[in-house]
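All chains are identified by letter, namely A, B, C and D, in their written order; residue positions are counted from 1 within each chain.
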Amino acid sequence: MIRQPFSRRNLLAGASALGGISFLPGLAHAKGSIVATTYPGTWEDAYRGVVAPMLKKKDDIDLELAPLFAMDQIGKAKAARGAPPFDVFVLDPGPRIVGMDGGLFEKFDPKKLANLGKLPAGFADDVGVQVSAQVVGIAYNPKKVPAPKSWADLLKDPWVSRLGLTGFQTTFGTSSLIELSKLFGGSLTNIDPALAELKKVLPKIAAVGLPAAMPGLFQQGQCDVMYTNTQTVATLKGKGIDVEFVKPESGSIAFYTTMHIAKGTAELANAYKYLDLVVGKEVQEALTKPPYNFVPVNKDVPLPADLPMKSLDEMTKYVEHDWSKINPLRAAWIEKFNKEMAK
Amino acid sequence: MGRKRSLGDISYSLVIGGIAILALLIIVTPVVVALMTSFTEGRSLKFPPTGFSFRWYEQLFDASQSRQIHKAAGNSLLVACYSTLFGVVLATLASLGLARNRHRMARVADSFFMSPLVLPGITFGLAALVYFSTLGFRPSLDLMIAGHLMVTMPFILRTTTASLSQLDPALLDSSQSLGASWLYTLRRVTLPLIAPGIAAGAFLAFMASIDNVPVSLFLSNARTDTLPIRMWGMMESTLDVRVAAVSGVLITSAFVLMLVMEWTVGLTRRMRD
Amino acid sequence: MQASAPVQTQQAPAGRTLDVDDLTVRYGSAVAVDGVSLSIEPGEVVALLGPSGCGKTTLLRVIAGFVRQVAGRVLVDGGAIDHLPANQRNVGIVFQNYALFPHMNVTENVAYGLRARGQRGPAVEARVSRMLDMVQLGGFRDRLPRQLSGGQQQRVALARALAVEPSILLLDEPFAALDRNLRLDMQIEVKRLQRQLGLTTILVTHDQDEAMSVADRIAVMNKGTVEQFDTPVAIYDRPQTLFVNGFIGTTNLLPGKVIARDGDGATVALDAGAALHLPAPAGIAAGTTVLLSVRPEQLVLSTEATAESWPIVPGLSLPLGSQIIHEARTTDGVALKIVEPRLRAPAGDARRFCALAPDARPSLFPRSTQ
Amino acid sequence: MGSRSLGMTPPSLRDTSPADGGGKRFALAEWQLALPLALAFAALFLAPLLLLVGVSFFNDDKITQPGFGSWVKFFGDPFNYKVIGDTLLLGVKTVCATIVVGYPLALVYLDLGARLQKVLLFIIIMPLLLSVVVRTFAWIVVLGREGMVNQVLIGLGLISEPLRLLQTELGLVISLTQIEMPLMLLPLISVMSRLDPNLRDASAALGASRWRTLFTVIVPLSMPGLVAGCLLVFASSTTAFISQTVIGGVRLIYLPLLIWQQSLVVYNWPLAAVASLSLVVSVLSVIAALSYLGRRSSGHLHG
């Protein structure tokens, strides 16, 4: 590893000597630490609130969480060129492929997971392990607008003037826009119809934001309709905000979220411990409960009643996208969205 | 006086006074609003706040619930302390060397050292990331200290140079001819007299470091999150009410620090001149 | 009068000699001091007098060690001090604005030089007390400089400079910031202390009265060179150059021409219309156009024409304390000032002729061709 | 000018160490004290920027093929011109807003007593020392659809539908006005409080109205401060990344957002380098032009 100009511990010792911050619990020395990414929003809350304390308790490992969307993680990791800024990725199908192509992952050995037997077959491979499923649909504020029925409703009044829009940086954004595009003659690889339709109603649209900003905008009442995943809806509900999830007529989009160990990590053993904990019964069960409402992958954990699916077998009934076809186009789409939506 | 006030003069008072009040409102309102919302009882940020409670402050100061924020605050303080410390040493030395030097090169060097003030922060942030990762460094607190040092050092250089150039050169000459060595003069005369200038600059540099986003954004990772980055994340994604509580803490401490600096080194006077 | 011998006082320590030997200082291409040599006797007070920019302050700063010469030497008691940095020269200096350390009280200021030399303890305190008593500031030890009047500040500066027992005392325009009355008091005070300690002293000033009253000898400087180095009286009475003549005191310049020479004297025909026989320096031959310099008090007014008087057109008369100043104009248009005791002056302007007073010592200078 | 005529002290040579006694001394020139900073500056500031320039001359995001590809790509796209234009325009709008709102406050400052002046100066400086994130956050609460401004306006019956302020350039300029106002006011007040107060009385005594005095006496004389303020506000508002994204949203695209996306989202460093160098060049050239005008106007005043 690279030698640093002055050691971190010296700095921390110096810092506590400087006074005023010595109360910080982070300075207590743990057996190890690990930096894992998490998605901003519900994922972040859940992993901070549930997983981090469990990991500390079980293995005395400090879990540092970097809230980043999948694409941002890939970008940061690529930029770091061999010195990964974090040890574990959490990714959606699209970025997962990009990461594989870019050689960003350590070869994964599923046998190192004690909980491997609790996972359905094929959930762990030599790339990573599936830790949850995500379901994407439409969220709306029932006090402000009636329930929309399909993706196309987003472009009609009264919803369009309360719509919060986000681009292709995220999986949920990309998937939703593809589904929208399909309704206007587009396809998995052609999102132009969606952009053309959006452009027509652009002046009416309430807000266009970065993906991470959407829950905040919704909470502030800047928009009352948006596409998002079930967890975000659950979190907003947890804050006492009026929000409901609807499954569009053409079906909700579903995909598995996977975790991967970063190539070149210095915390390999701790990374496996972390992943094992994440797919273990305890974590999976806790995350299934409100306000997190994750879709569990551990066979010992039943799917809760208020989830949009009864078992993981239903995943096939949901809309799934072939990300190997989407990925090559995505950078251009992001740029295109920026330009088309810019004022 | 006895002069009759003309219509023009009345309109002058109305317009200028009115706009000045608007300006004050624009300056003060957001600060007050941020403070008020931090005492809300509700779980989301609404104005006016619903009810009054300290719950968000309690949550903020709760070690287990807000560990990440504490850690980010610790990082911010650490980076700010170290970058200010190095900045004070380097900038004070440099201005001792350059402030009284009339040579052309000295003026050029001085404006060079001030250039981080006008260079867009995001450009330097990107440049620093490219540079450090080319050299093979991982984002870390050390790198952030180095980056912050560069963008905050000019504040110290500016106030120190200003107080040095207000220092009567005859004082140094007298000290010298009274038999004092360069170091003794520095210790007993120069430093005590420019100390308020250094302190004012150090304060500004410290605050600038605490507040820095563009450089931290590029040089931080999850371990080395700083408070503004953390807050930005909280503000964007969940609009966590703790953001308001953090703001409250920051506003209060900035206010107190400013008062202290005003009393000790005359901060406002130094910033005006 | 002769160049004065050093004034020795009762058991005063013998001062040092100070020699400046062919000293030249350049700033870039500009020559600030141009080959100056001065020999200063022990215990003597020498004033460097001249207009601003004449190099007097630079010369002082070279002696103090703040500025380095390009050529020449500075010697104290015959030994060169040029290799020494300012802090090892043991030269006391008092600045125009006193340069007291604003963050230290009177005691700390006076003790500064001693402490800087590593001295500590009761010896320092005793010395400081003695110095403060000497400048009559014993009751102000804990005041900060800003709590003192200008005169008090100057006494502190003086005590501070003297506390380290300097070999030479340098005073850089020390009285310029004081108001008129205080200035005279302080000049006397400084002179008293200097006599008491027998300190060789250099005073830089642009004020001729100050130089006259304080200095034993005056070096009049112009454009980096010393034009005349002599006692005050000699400089006033026998200026050797037109510059010195013009710079010291007020003078009237009357153009004329040498029409005859005899021995030490010459006959000069003034353009204003009189022929005067005067002592003249050797270099002035018959036929030279000259300027005759006469102090205002060396001219007298009269009612009748003689061969040695010339007609004037009287102007304003201004009473000035015990004296009265008359303005007048010669027939060829030269403005004159004439001073006489007020009580002796008759009223009215019946006196339309001007002549040299009986004891007048006018100076003759060849007129430059320009 | 002044520096030449005063250029007396040679660039070095005050002795330093008396440690050596007589004879040869090791003289440390005073300017050498600047060397540590110069080294740090070269290693941590100049080198990164030079490298950034270097990186911009690569064609691909893996930084393997040197060439002008990124420059061609960036400047071949008319969209980017619009972004540059919008960025500079945002700076201009913010500068105008801070002048219009800030200048009267500076005038009022002049009329206050010493004590109130101090209080006002304190208020003016305070936002400068508050975290940008805090200030931006505060503006979300103030400008939001259900925020303070809309509630007040609806409460007063002035509007029936909430105004859209967040995610608009208007809202952005409003929030930037507050954030940048101290940068305008400090140099302005600094220059104005050095003006001879008699000037205004003299103008009034000559029969000029206060408006006339303002525009013919005070404004021209305060020009140097005004220019300095414009400079700072412009530089700061064009690069105010946080405010631009949080208040402005992603429909308003300015160069900093573009740089951020290219560098930390898409991870095309060469293109990000080109974009950030364009930001530097365009902002600095406006600043250079402004300070040139400032020098001319102050030269005009002081001969």
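Points to keep in mind about this one:
Keep this in mind: contacts are C-beta pairs under 8 Å (C-beta built on N, C-alpha and C of every residue); 3 or more make two chains touch, one makes a residue touch a chain.
Predicted, not measured: the structure shown is a model, and the values here were computed from it.
Placing every chain at the mean of its C-alpha atoms, the farthest one from chain D is found to be C. Between A-B and B-C, more C-beta contact pairs are found at A-B. Averaged C-alpha coordinates put the centre of chain A at 35 Å from the centre of chain B. Chain centres here are Cα averages; for chain B and chain C they lie 55 Å apart. The mean-CA centres of chain B and chain D are about 15 angstrom from one another, to the nearest whole unit. Touching of two or more other chains is recorded for residues 76, 79, 210, 213, 216, 220 of chain A. The residues of chain B that reach two or more other chains are 45, 129, 146, 176, 181-182, 235-236, 239, listed in rising order.
Residue positions of chain D with contacts to 2 or more other chains are 7-8, 15, 18, 140, 144, 146-147, 246, 263-264, 269.
For chain B in complex with chain A, the touching residues are 42-45, 63-64, 67-68, 70-71, 73-74, 77-78, 81-82, 129, 133, 136-142, 146, 221-223, 225, 233, 235-239. Chain D contributes residues 79, 82-83, 140, 144-147, 164, 166-167, 169, 245-246, 249-253, 261, 263-267, 269 to its touches with chain A in the complex.
For chain A in complex with chain D, the residues that touch the partner chain are 71-72, 74-76, 78-79, 166-167, 169, 206-210, 213, 216-217, 220-222, 331, 334-335, 338-339, 341-343.
Interface of chain B with chain D (complex): residues 6, 8-9, 11-13, 15-20, 22-24, 26-31, 33-34, 37, 45-48, 86, 89-91, 93-94, 96-98, 100-107, 109, 112-113, 115-116, 118-124, 126-132, 134, 146-147, 149-150, 153, 157, 176, 181-183, 204, 207, 210-211, 213-214, 217-218, 227-228, 231-232, 235-236, 239, 243-244, 246-247, 250-251, 254-255, 257-258, 262, 267-268, 271-273. Here chain D touches chain B in the complex through residues 3, 6-9, 11, 14-18, 30-38, 40-41, 44-45, 47-49, 51-52, 55, 100-102, 104-105, 107-108, 118, 121-127, 129-142, 144, 146-148, 151, 174-175, 177-178, 181, 186, 189-190, 193, 209-212, 214, 235, 238-239, 241-242, 246, 256, 259-260, 263-264, 269, 272-273, 276-277, 279-280, 283-284, 287, going by the rule given at the top.
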